Amino acid sequence: MKSGRRVYINGELFPEAEAKISVFDSCVLIGDAIQEVTRTFRHKLFRWDDHRDRFYRSVKAARLAFEMPPEELDRVTQEFLECNLHTLAENEEGGVGHLASRGVMGLVLPPTRTSFVMYFFPLTNGQRKTAHYYNVGRHVVTPPTRHSHPLTLDPKIKYRSRLHFSIADAEARLVDPEAIPLMLDLDGNLAEGTGWNFFLVRNGELLTPSGRNILAGISRKTTLELARKHGLPAFERDLQPYDALTADEAFITATSLCLMPVTRFNGEPVGNGKPGPVTRQLMSWWKEYLNFDFEAQAKQFLGM
Amino acid sequence: MKSGRRVYINGELFPEAEAKISVFDSCVLIGDAIQEVTRTFRHKLFRWDDHRDRFYRSVKAARLAFEMPPEELDRVTQEFLECNLHTLAENEEGGVGHLASRGVMGLVLPPTRTSFVMYFFPLTNGQRKTAHYYNVGRHVVTPPTRHSHPLTLDPKIKYRSRLHFSIADAEARLVDPEAIPLMLDLDGNLAEGTGWNFFLVRNGELLTPSGRNILAGISRKTTLELARKHGLPAFERDLQPYDALTADEAFITATSLCLMPVTRFNGEPVGNGKPGPVTRQLMSWWKEYLNFDFEAQAKQFLGM
Amino acid sequence: MKSGRRVYINGELFPEAEAKISVFDSCVLIGDAIQEVTRTFRHKLFRWDDHRDRFYRSVKAARLAFEMPPEELDRVTQEFLECNLHTLAENEEGGVGHLASRGVMGLVLPPTRTSFVMYFFPLTNGQRKTAHYYNVGRHVVTPPTRHSHPLTLDPKIKYRSRLHFSIADAEARLVDPEAIPLMLDLDGNLAEGTGWNFFLVRNGELLTPSGRNILAGISRKTTLELARKHGLPAFERDLQPYDALTADEAFITATSLCLMPVTRFNGEPVGNGKPGPVTRQLMSWWKEYLNFDFEAQAKQFLGM
Amino acid sequence: MKSGRRVYINGELFPEAEAKISVFDSCVLIGDAIQEVTRTFRHKLFRWDDHRDRFYRSVKAARLAFEMPPEELDRVTQEFLECNLHTLAENEEGGVGHLASRGVMGLVLPPTRTSFVMYFFPLTNGQRKTAHYYNVGRHVVTPPTRHSHPLTLDPKIKYRSRLHFSIADAEARLVDPEAIPLMLDLDGNLAEGTGWNFFLVRNGELLTPSGRNILAGISRKTTLELARKHGLPAFERDLQPYDALTADEAFITATSLCLMPVTRFNGEPVGNGKPGPVTRQLMSWWKEYLNFDFEAQAKQFLGM
Amino acid sequence: MKSGRRVYINGELFPEAEAKISVFDSCVLIGDAIQEVTRTFRHKLFRWDDHRDRFYRSVKAARLAFEMPPEELDRVTQEFLECNLHTLAENEEGGVGHLASRGVMGLVLPPTRTSFVMYFFPLTNGQRKTAHYYNVGRHVVTPPTRHSHPLTLDPKIKYRSRLHFSIADAEARLVDPEAIPLMLDLDGNLAEGTGWNFFLVRNGELLTPSGRNILAGISRKTTLELARKHGLPAFERDLQPYDALTADEAFITATSLCLMPVTRFNGEPVGNGKPGPVTRQLMSWWKEYLNFDFEAQAKQFLGM
Amino acid sequence: MKSGRRVYINGELFPEAEAKISVFDSCVLIGDAIQEVTRTFRHKLFRWDDHRDRFYRSVKAARLAFEMPPEELDRVTQEFLECNLHTLAENEEGGVGHLASRGVMGLVLPPTRTSFVMYFFPLTNGQRKTAHYYNVGRHVVTPPTRHSHPLTLDPKIKYRSRLHFSIADAEARLVDPEAIPLMLDLDGNLAEGTGWNFFLVRNGELLTPSGRNILAGISRKTTLELARKHGLPAFERDLQPYDALTADEAFITATSLCLMPVTRFNGEPVGNGKPGPVTRQLMSWWKEYLNFDFEAQAKQFLGM
């Protein structure tokens, strides 16, 4: 089993092309699953503890019967990573995805209590397509579709029931094929992207939507910690489109890309339309903190 | 391929135990899928046209690239039904499920445009467990979890992103292991169950939540048509828990069970706590309309 | 004063280039004004009575001290029209605008109780730019900006405080330079455009947003009357983007254009992407009712 | 041009009585304009930089094409002030208003890109009418009309579409001809007045509505800065009518009056119904900060 | 026991001055009670059946353990009425109040399951003070306080937890000592008064707030029935302050007064500020229906 | 009058069984009353000043005409306590309740301006039933019923209109006969219990719902003060059911019990399902602060 990436499904490893799950699983029939995605730096998982703890919080809030204890999850995750690391080139980094569902529903097959899947992917493909945005910044658009209300699907659960994420992606592309959507919550506050958090800089302060209506990412947390450590005032607050439109700078954070500038918002330039100095400073602090130049690592694959 | 039920996946038929889909499909990774479920009476699909039209509306609203034209969908559905019908005993009925997703996501495997799955199941299992409720009625409970807002996941799309349905089911069982949840919308109006619609009877009028915030089921539509045909006044209206608590009668409608009495609501008896005369009358009108005693058919399997 | 169009300002007539109002008027300083716009057919005002009555309702709801009695308003409006009609070619039609404000605010000049303005404009310019949409239909987009809440600025008042209309226009153009915005209300229901009402056709029924959150236009009212007169079922109802996306047909109504097809909604074709048969039928009924081919009249100026 | 106050309109100066703008300007036809008002102390503009920066944020959020660069705006504003200062007596102070609109709309006249107006007014008139409230305090009333939602007209834009401000003024006068309205937001939180911000004092703490739903005034900002500088705890928070009714003290802040006590709220005395000691203290700190007794300057004109 | 009015408390009759209830009763300690008030015409209860049925719905929705069966309630109500009727002069009418609480709470005394109170009062006092409004109409004001949300205290329950009613009364009197408050619901729709329902007349149609957020009174129901019987179009609908401000006529309905004109709304005259012809017509239909001139009966006591 | 507990009603003392109030009092007829409950430690009132100040804030916000000055209220409260203390055994503690209403309504009896009641009760009964929860923790459930909106009945007023509290209690018991309800506000945030506040512990931080939508209890305030004094980070914040479900620990605070662990939430264990170390620590700090072991005092009566 050395030759290719493997997928873990309920205790067994499969080559990717054969990594399949019953169509009677609750994750297929009703999108009833929770997840985590954790990346590597120098082939080691980044803040796995934070991801693991959030995974168990999602399990509990989703009332899933996932019974593997944390220590065992640590172990199988590490083993799974190791069995896949050899597929990365030395200059590549990867991500591990975890998914847990309520298992096979008893419609026609005998029901199971849970399904548990782990998969591994190199970041390279994504970096190839997006690393140039470290230079030019992203265009962020607020789509008509709104993030889920905490009483429906609490965004603090890292859930898989994300049809609205796909619709929001499509809506953002109506404005600009390269745009990415920043969903508002139902009250009109900025919430989060489809897999990333949003920050803005105004008068030397760092502002980001409060944790009430969003999945508060580990990269977001890292960014706030770095700002506070270096004395940059940073606040969580209800923000509206006005705040993003009139910000001095803006950026997003996400597991796969750490921190990336935003230079347009709803068709208008943010500040002078270029990545700003505070954004650049935070990227430096990230690199120093990681002792790893995530930006240079990503840019290696540009245009390849 | 005569010996067992078959599942259709992207053009091919599989035995159920082998009917699997890539874990990199969008329906697994992000619950990004839409669906239909259509049942048979006397081994013929019931109001397939209505289901098919709703399926295409869901496709469009979800911005899926499902490109099979309606006539072909009619044909493959009919063929799929026929290839499975032989697995039903003569006194059994079945259901056909349709599911369409955005296909394999290009994380590690080459992306596809859509996935399309059909599956078949006998109603017998469900009938075994629930047919006695035709006599004693169901207990309906309003759980803390709320139905999705039309701006997030419009309930008029028959979507698969239903983690909140599973959580609502678990919450209802906290009150009574046999209870089923009637979700409220975010404004506090009665919305729908996790796969069924709700009706109540008050002063000789039939009332059901308006179609704004719910998936308006085909069985709901049939019930409204039958009421109007027979001169029973029937209205769609915003209703609150008060209305259900103080109703004379209540019942639910769903594809698999047509119409079934409700005799408790949030722990209190509805009316006198027994299935009511208007409910019984509607069941009769259904049977006459179908020329089929759905209740007797289901009760055959009780206790088996 | 025969040679050009005239503007009426507080009892006097001015050539357009000289038609000015004090920058200390409340309509300039705080956008504190209400209005009407009424068009001609064959150089006669269309349903002036309806417009006049709505004007006085706006006056009252805005608590303006507009004291001219209705009969006098009828008279000065008619006189004003007549003094401008000679500027229209025979095949042209025009519109009369009425505007009333709270008058000069006493910041530096002596305050007045109200200002009252009437202006006249040929429809020709607008028809030149938009008459081709009678053939190809408009693209309607839901912008991030929402219509005003009845407790803030009740849309049933035809008010001038419309900065949000301008912003919505700009937002729609981000999606498509030719798109026009259909604002949602704060609950996510379809409301109205920036000067027009929206209708859709589904399963042979005509549906339009209810009058609660919109300015219910005279052309909307005419369309509903024509539908009912001809036996086409027509309903006012809370509608959501799903309804527009999955409609069979759609169109808009407005004073200047009567009724015009909509063929795209949020980037997707409506129905088959062409003006539909019910829309065409309603246009015919309009022409018959008016005894005037508004479409042909408008198309005369295309490309000129 | 020495003899009287002048108004600046699109690059030209006019005597006030001749300072007029086309009725076809967007600020007249659709209230589509943004603004600033900046006052003088000792004939010098107070915190012009803050006003100018907010002006440009309003321009951007309103998507206006106002193209004059900030340095030039500084210059023309200063020149405009100087050309009007001679009209003030030495003991008088004045204000400069800035207004930018989308310019003449192309209905009948050739469209322009923007209109830009500056006007000047002595504070004397207003002081004559209101300076006695420094002694007795104002009566603040919450009217039925609500402040605009950030998704409709974000209050953080200093917009001119203020019909609701006029209606709120009229509603407050129903309770008391001398009362001024404090609008609630749509959720029922205290928001702002029609041109002023609200503060209350409770248990030695200063509380003011958070900046989410209001125009955060420069005088409000100055007040918070002074409180913090002098060690008075000051917080921005969601507040409700209960908080104002049960406060120990209350006051308002505004450009023209700096800080003025509030002694009645919705018909009830605030605290003991007299201006409170913390309010008085803040007025002292303002005077010290300004090195200017704004209260005495205003009271000179009382009864004149 | 012939000499005076009696109050019924838990099976016993008391003179009014001695009619007291334990301060440990839940209706005192937590306002935890429901009620009805039914009036007489010619000394007979009006539509007692409707009141009795609503009483039992309130009992159920409030989850009270009120166990007297309906037939017995009919009987004791009739007996109670009869034992009090002798205290009315022949030209007077009266009202019977019913109140049920959860009984004595077990804080210090032994708990009981329920308390049940009936009281009787002549309408004369109220008529003395308000009968002149049949001529001049009432002034209705929308107070800041909002009606309770159905998820908190469903207004369809005739509940006693009415502190907000008292506060709304006080707020209305701030505008006009004779004004009565029409509460809005939390969405800004007209709801109901503190014991009465609201109607308006527009273009020959009768409109009243829908039954969702209000206690739909028996007099309201009677009015709708009379309108429909006589061919006056009548609709239940979400209405806003605009609708009341711009109505042609308005009136209120209540048990004690049947139907009474409204001639001012939020300080403005309704229509021409006089009771309107449709209102007068409805009063006539009421009198004909009752075969009783409720207005003349009330006016007898004016000024006495 | 030495032999038993006394109740104070409008200036007079009564034995409990005779402590009654007119059924025509506004607190009976419309639940129109406000209240306080203050307990003793070592037979002395705990933080009476805080309770008294809140009582007067409630009086003002409810617009009650309660005219006794604070010093007199202090005096009569102390006297009332002293006249009842002799009824406590030495190891018992008690509570004093204050209630003020709008007095007798003038329906049939002469109206009065206010009623004022004080009652006294030993804590012993309650302790007998609940002291074992100090060991095992309580089960907290979120019921369908929501807390009142600040615009309806501001929870910051300690009001008596609490029918919804009783209904919430009944709803919680549907899940578990021993469960107590934690009401959400209408936006879905955790609010408060029916007489207690909620806290949770997460990652070493103490979190409690913000004071906007709740009655901020004196025990809650004491707990926050103790946490801050001892360096435990403590924050007021909008919290949702997710936060409680995934907390490390939780507890409630109330006048009668100080601080008590919560070990189940909506059917799931909180943390490991046992009272947590931070909770225990806070209980210790409370005991130290009081110099009184409230837990031991309560447990004396267990099982008696």
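Here the chain labels run A, B, C, D, E and F in written order, and each chain numbers its own residues starting at 1.
As a convention for this text, a contact is a pair of C-beta atoms (placed from the backbone, for glycine too) under 8 Å apart; a residue touches a chain by one contact, two chains touch by 3 or more.
As the structure is a computational prediction, the values presented were derived from the model and not from experiment.
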Check: If we look at chain D and chain F, which chains touch each of them?
Finding: A, E
Check: How many hops, at fewest, get you from chain B to chain D via touching chains?
Finding: 2
Check: Farthest from chain A in C-alpha centre terms, which chain would that be?
Finding: E
Margin query: If you average the CA coordinates per chain, which chain's centre is most distant from that of chain B?
Written below: D
Margin query: As a multiple of 5 degrees, what angle does the CA superposition of chain C onto its copy chain E give?
Written below: 120
Next item on the list: With chain centres taken as the means of their Cα atoms, state the distance from chain A to chain F in Å.
Entry: 44
Notebook entry, point to check: Using mean CA coordinates as chain centres, what's the chain A-chain B distance in Å?
Noted result: 33
Checklist line | CA centroid of chain A to CA centroid of chain E, Å | finding: 57
Next item on the list: Going through chain F residue by residue, note those that touch at least 2 other chains and give them in order.
Entry: 63, 144, 146, 149, 151, 157, 186, 188, 241
Notebook entry, point to check: What are all the touching pairs of chains?
Noted result: A-B, A-C, A-D, A-F, B-C, B-E, B-F, C-D, C-E, D-E, D-F, E-F
Notebook entry, point to check: If you look only at chain E, which of its residues touch chain D in the complex?
Noted result: 141-142, 144, 146, 171, 174-176, 184, 186, 188, 241, 266-267
Note to self: For a test of understanding, state which residues of chain E touch chain B in their complex under the given definition.
What the structure shows: 57, 60-61, 63, 149-151, 154, 156-157, 212
Notebook entry, point to check: Which chain F residues qualify as touching chain E in the complex?
Noted result: 5, 7, 9, 16-17, 19-34, 62-63, 97, 99, 102, 106-109, 117, 119, 121-122, 125, 144-149, 151-153, 157, 159-167, 170, 186
Next item on the list: Mind listing the chain C positions that touch chain B in their complex?
Entry: 188, 238, 240-243, 245-246, 268
